[in-house]
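Same chain, two partners: chain A is paired with chain B first, then with chain C.
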Partner chain A sequence: MNILVCIKQIPDVGGKIKLSEDGRDIDSTNLGLTISPHEECAVEQAIQLVKAEGGSATVLTLGIADSENQLRDSLARGMNKGVLLHTEISNWNANQIAHAITDTIKKMETDNGSFDLILFGSESADRGNAQVGILVAHALDRPSVNGINGLEIAGNIALIKRDSDEGTENYELDLPAVLSVKDGMNLPRFPSLKGTVMAKKKPIQFIEVQPDDTGIGFLKFEPTPEQSKQAVILGTGPEAAADVVQVLKKLELLR
Partner chain B sequence: MILVLIEHRDGQPDIPSLQTLSFARSLAAQTGDSIEAVAFGPDSLAGRLRDHGVSRYHSIADEQLMAYASEAWAVSLKQLADLISPKVLLAPGSIKGNEVMAYVGALSALSVVTNVCQVDAGNDWRVTRSSWGGSLFEKVLIDQDLALLTMANNNVEASESAVDVCDTVSFTPALEKKYFRAQVKSLENPVDEGMSLKTAPVVIGGGRGVGSSEGFGVLEELGEILKGVVGGSRVTTNNGWRAHRHQIGLTGNHISPKLYIACGISGAIQHMAGCKNSDNILVINTDENAPILSHADYGVIGDLHEIVPAIIKEIKNS
Partner chain C sequence: MEKFPSKAKCVIIGAGIVGNSIVYHLSKLGWKDLVMIDTGPLPNPGGSTGHASNFIFPVDHGKVMTEITLDSLRQYKELGVLRECGGMELARTEARMDELKRRVASAKSWGIEAEMVTPSRAKSLFPWLQEDLILGACWFPTVAVVDSLRAGTLMREPAQQSDALKVFPNTEVLDMTVAAGRIKLLKTSRGDIEADYVVIACGVWSPKLARMAGATIPLIPMVHQMIDVGPITAFEATETEIEYPIIRDMCALMYERQAGRNIEVGSYAHRPIVHRPDDIPSIEESKLSPTELPFTLADFEPQLEDAMELLPEMLGGDDSEIQYSINGLISMTPDGMPVLGETEEVKGLWSASAIWIKEGPGAGRMLAEWMVNGVSEIDNHELDISRFYPYARTENYSIVRCSEAFNKMYGIVHPAEQWESGRNMRTTPFYEKQKDLGAVFFQAAGWERPHWYESNKPLLEKYEGQLMPRENEWDARWWSPIINAEHLALRESGALCDLSAFAQFEIKGTNVVDYVQKMALAEMDVDIGKAVYTTLLDQKGGMKSDLTVIRTAHDTFRIITGGADGNRDKKWFTDHLPSDGTVQLADLSSAVSTIGIWGPNARNCLQSICSGDLGNDAFPFASAQMLDIAELPVWALRISYVGEMGWELHVPTECGRYLWDILAEAGKPFGIIPCGIGVYGTTGRIEKSYRLYGAELDSSFSPVECDLARRSVKEADFIGKEAYLFEREAETAATLCSLTVDDHRSRNGQQRYMLGGEPVLTADGKEIKDRKGRRSYVTSAGNAPSLGKHVLMAYLPPEYAEAGQQLKVEYFCEQYPVTVGVVGSTPLFDPKNERMR
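What follows is the complex of A and B.
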């Protein structure tokens, strides 16, 4: 089984997001990079499937040179090889990202044969457009389901579960297929020490990419109003319990 | 004209769809457009749609489309849009709404703006969307003859505003077999677990500071006394201290209780995305500089393993 997982590295912002002066970027000075929880589960799923079915799992990202760290992290968990679509330009929109990924997949498949599965996270943790997987599926003319909660492979068919407002939907898709994974589908492993050492020797292919002129014009970010509140400190340590009970009574949660 | 995709259950439009109609009316007030609706459903929806300001309802009642199929639905919407030329196609920000609209965008070579909170429809359209799990607004510019938008969830109330008449027009799309390659084969009804994180009036959340699955014991005890439900941050579900279905956060449950008691949770924005609709937040944390305190109403500084038992004792004594 040949699997490609596409991930997106984002600044690990912690509790508060600081914007650049023009509002067009996150001020990521002193911030590490991370990926979305959904994508961690996509990586885990690929590792488990390749272990069970044989084959190879490739991890791809589009981003700045530092994104190599996110690829190495996935390789340390057990992915086999990486692809970095390198750009120093920020704020690519969903269409631009999908075009660059589609072009790369087409080239990779011409050289090495088709991927049976292409996995994404259901939405990125930053912009959260929730579209790139579908755009790539459409461009490659493959079936797709976005935001899946369960996946089993039976021969040439992907048995899929997805939770919607109405209940759990069951799908059967012919492979090759493009799926976007939701957090909670599995428990992602942490990279082991041995895995981290081995990851340094695993191959990463670097490809330079440029955004085309499609998609939505991004203007800027703005903070949402509720970002500046300050809690009333009731006290320190167990002595504050009586004040907590007063709050519970005030909110009519206790009589 | 603004065309709104309606999802329905048991013959009634669902709440997110009615919220979408409220948003459509505020947009129509800017642009002077009429509101039409489309649903993969029966004629009988027209009554409720009229109550919510829809003057024409396009019913797609083709039997093979009743089980959801993303591409087939999208192709149908595109064919309808090609026929009646709306200025905007607006959908609820549901799993289906976002998926179908992404396909409509792909089929039409147009961009889709998801999680929309506000539209300023001037010469060029400036759209505000919710970004970073609701922590930021993102302003974008769209310049398309057909704007494709999906709503941010719970951004507007579902209010009524009836028009005199809602015509029903039936539309029959021309569909190839291949558009049904991803179609729902069967649907399992959701399991009724009684009071859930989403509905409980009191939610108690544990984070890294809880330390272990055993550490949740005192939170469970407080939960029982306050008739609340216990959940955890992603750290706790990732460490296996809590099941994933108990996760509170961007990628887990979105809660809106009367009181959320956050114990040993620092308040990463991904967690706040899941709990910021709480009426009140009480924080118990050893770190007086924890980011969660700048989103909370009340704070107690100290170790939850000492403070929570003290609260339980105090409640029992009072």
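What follows is the complex of A and C.
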């Protein structure tokens, strides 16, 4: 089974997000870089499937040269090879990203045969557009389900679960398919020491890419006005109990 | 929460292990009205305490750091937050095996259990070690792990309960106000607070806080990488935090330490990564905490392989996952020591910075005692913030020095090792001339000083057979036989020595006599022109400094002290100046250049270019006069630290070069050569048993013990007098002695030369302790070429302080016979000081 997982480098933010001066990026000077939790689950799923079914798991990203670190991290966890669609231009829109990825997949598939599964995170943790997976599926004319919570492979069919407010939706898709994965589908492993050392030797293919002029443009981020969250301290120790009771009553949690 | 007060006696900024320890000890010593604030929440405000690996190896080559660590261990134990697990330092190379042997010697000197063990014994202590990778290990059974956050809480709470302390977490200091040179007020996010004292115990943020008041704390935050690996199957049965010894893989510059079911792997092997205090993210912006920065894997990758190589079973499996990894921020300083004491710039503003977990409680006690009593039980001069001269206080200086120091953290550092960074910042007018002569420069107080001159190489032939050559590379490192040749030339004819690194102060004013009397042990109300060598005592009678004081006018004294001690001494003098301005201090250190000329031909040589009378009657020993030397006006001081007749010649810096040229030329017919500090600081002085501050002298010894007490006690009052009087009457616990090594031959047939710090043992190899609990160790070691002996100085208790007493000294785990040469300050060479007359 050949699987492709697409990931994206994002800043690992704390409680408060600092923007760059022009507002077009998150200031990541003191931040680590990571991938979205959804994508971590997609990587984990691919590793587990390849372990069970055999084959190869490729991890792909589009980003600046430093994104290689995120590829290496996935390789350390157990992915087999990486592809970096390299660009030093930031803020690609979803269409541009999808086009570049689609073109690459087509070329890769011409050379090496079709991917049985292409996995995305359901949406990136920084932009949250939830677009790229669907756009790629559409461009490749493959069946797709977004935001899945469960995946099993039975022969040539993907058995998919997706939780919704009304209950669980079940899908059966013929492979090859494109799926986007929701956080919580599995418990992603950490990279092992051994895997981390071995990841250095795993192959990464570098491909230069340029954004085309499709899709919507991006101007800048604007922080939402800060909400004043004034904590009121009622006291400490047993003396505060009476006040706490009053507050709970006011909130109608106590009568 | 309580109302934020508008006034306090003392505000302690920082609620890490250091701040908590300080409030505990301040309140124990009786201070009340203390306020502690921290930007972060409690119990973990987000500083380095919160992410520390919390293990403590007690051994250090330095005495004071070991004492503070031992004090900290004792306090952690009392608090019930310490678990002894033992620890091992591993050697992968022969050089490291030697270094571990040196560690054993230091451990013995400072009273710590340590033993060299074989690889198989190491493996029995930590069964997952790759035994064939190591040549041996040093086992320290008292290595421990502590809960530093819990310790902080346990130290803070009693102070709160006794109403001595109010604590305000989530309170940021915004600014500080200074009035008339004294800290006055803090602006905080909870409001303004006035304080008599402010302590900055903010770890990596300390320099930023100090800057708010216009003060400097020389410290730079640096990254120390650590990963947490697990789950470790081998630790499954473990029920406590740590059951196995901590491993220090010294050659890989790494450590491995059990943490419950996981193992922490830390490194000092990666490139130095500096993080300026201003760039530390806020608590809100941080993913983990402000001092747990994102891990940069590329820096750690080579260490992963080292770690897996050492513990292949434990770390090499597919399930050994890196579950947590940080670039943790730690505080580093230009000389690797903590920064304690009142800042030089602002009265009442104290620094308690660059203190690690292993020193926290001990340093807290030291600072509290210092603040309350003016002195601390453990000697503090090496930690004193005022040791830093202005040149060493810039951020960039800290950056270059700490970057150089980082990989030496687990390194093998020779006691005389010189820095490569921060050099040539202070050069004398003689510098270019000295360079031309092939001077090998060592640094002292920032000054470049010739340690020896390659131009004197021809003397090696002349003195062949008397040079005590060193066969062992370690003994010979940072040393040259040229030093001994220069020494012999000094004794035979004479030598010139650059002494410009001296610190010199002029003290002047209507009340100057009273002031100088108060400061010094010796009688200071002397004739104009008289020079007096004296010790300064602290309030408990310990030695604060030793220096020369010269009365230059009815209302003026000149103080000359060692470069290493100059800035500290300056603060001590300045702090005690009368507040009414009747005495003033001017720092002349940079204004004066100094050359010493000594030796049997010194007088004749100087006389050949000087019209004044240099005879004993006209210019007696221990006096100073103005002389015309050639065209130059020179302030000459007849004194000696090398045991020969001669003078220190002091001129304005701009005349220094001219003086050098005159003396060098005049010296030639008299066989007078330039000599380096190797002679002045070691061979010359040790033959004369002259004491050196920081080696023989510090506040843990008294003038009686080092035999610098005077025959009579002056009438005038002086600091430490009461303790001094008591000490004179009491039974002496130990006396400083000069010993000579009887046999230098090691087991492999090499002649070995001790360098200082080694334990002095009884003839049957047992440790020696005096009745105050102090162990005997070598305070200074050096060749005495005129005696053909290697001399060691050491304090010995009365039962061993006897000339002719046979003892042993341990060097690289071998014991060498030594004999006590003299007890007290009588010199081994020229005991009647006839050569100085």
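Note that the second predicted complex is superposed on the first by the 225 of 255 C-alpha atoms of A that agree within 3 Å, B and C clash if a C-alpha of one lies under 4 Å from a C-alpha of the other, contacts with A are read in each partner's own complex, and residues count from 1 in each chain.
As a working rule, a contact is a pair of C-beta atoms (placed from the backbone, for glycine too) under 8 Å apart; a residue touches a chain by one contact, two chains touch by 3 or more.
Computed from a prediction, not measured in an experiment: that's the story for all the values here.
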Field: Touching partner for A:127 - first (chain B), second (chain C), both, neither
entry: first
- request: Determine, under the contact definition given at the top, whether A:189 touches first (chain B), second (chain C), both, or neither.
  value: second
Message: In the overlaid three-chain picture, which partner chain does A:52 touch, first (chain B) or second (chain C), both, or neither?
response: neither
- request: Mind working out whether A:197 is in touch with chain B, chain C, both or neither, as first, second, both or neither?
  value: second
Message: Going by the contact rule set out at the top, does A:65 touch chain B (first), chain C (second), both, or neither?
response: neither
- prompt: First (chain B), second (chain C), both or neither: which does A:254 touch?
  reply: first
Task: Based on the superposed arrangement, let me know which partner A:33 touches: chain B (first), chain C (second), both, or neither?
output: second
- request: Specify the partner with more touching residues on chain A, choosing between chain B and chain C.
  value: B
Field: Which of chain B and chain C A:13 touches, first, second, both or neither
entry: both
Message: Just checking: does A:221 make contact with chain B only, chain C only, both, or neither of them? Give me first, second, both or neither.
response: first
Those residues of chain A which chain B touches in one complex and chain C touches in the other: 13-17, 233, 236
Query: Where on chain A is chain C touching in the complex?
result: 12-18, 29-33, 69, 72-73, 189-197, 200, 233, 236
Query: Can you name the residues of chain C that touch chain A in the complex?
result: 1, 229, 279-282, 284-287, 293-295, 297-298, 301, 304-305, 307-308, 315-323
- line: chain B residues touching chain A in their complex are 7, 9, 14, 16, 68, 70-71, 94-96, 98-99, 102-103, 105-107, 111-115, 126, 128, 130-143, 181-190, 201-202, 226, 234, 237-238, 240, 244-245, 247, 250-252, 258-259, 266-270, 272, 276, 280-283, 288, 290-303, 306-307, 309-311, 313-315, 318
- line: Interface with chain B, chain A side, in the complex: residues 13-17, 19, 36-38, 93-95, 125-131, 134-135, 138-139, 143-147, 162, 164-174, 182-184, 187-188, 214-224, 226-245, 247-248, 251, 253-254
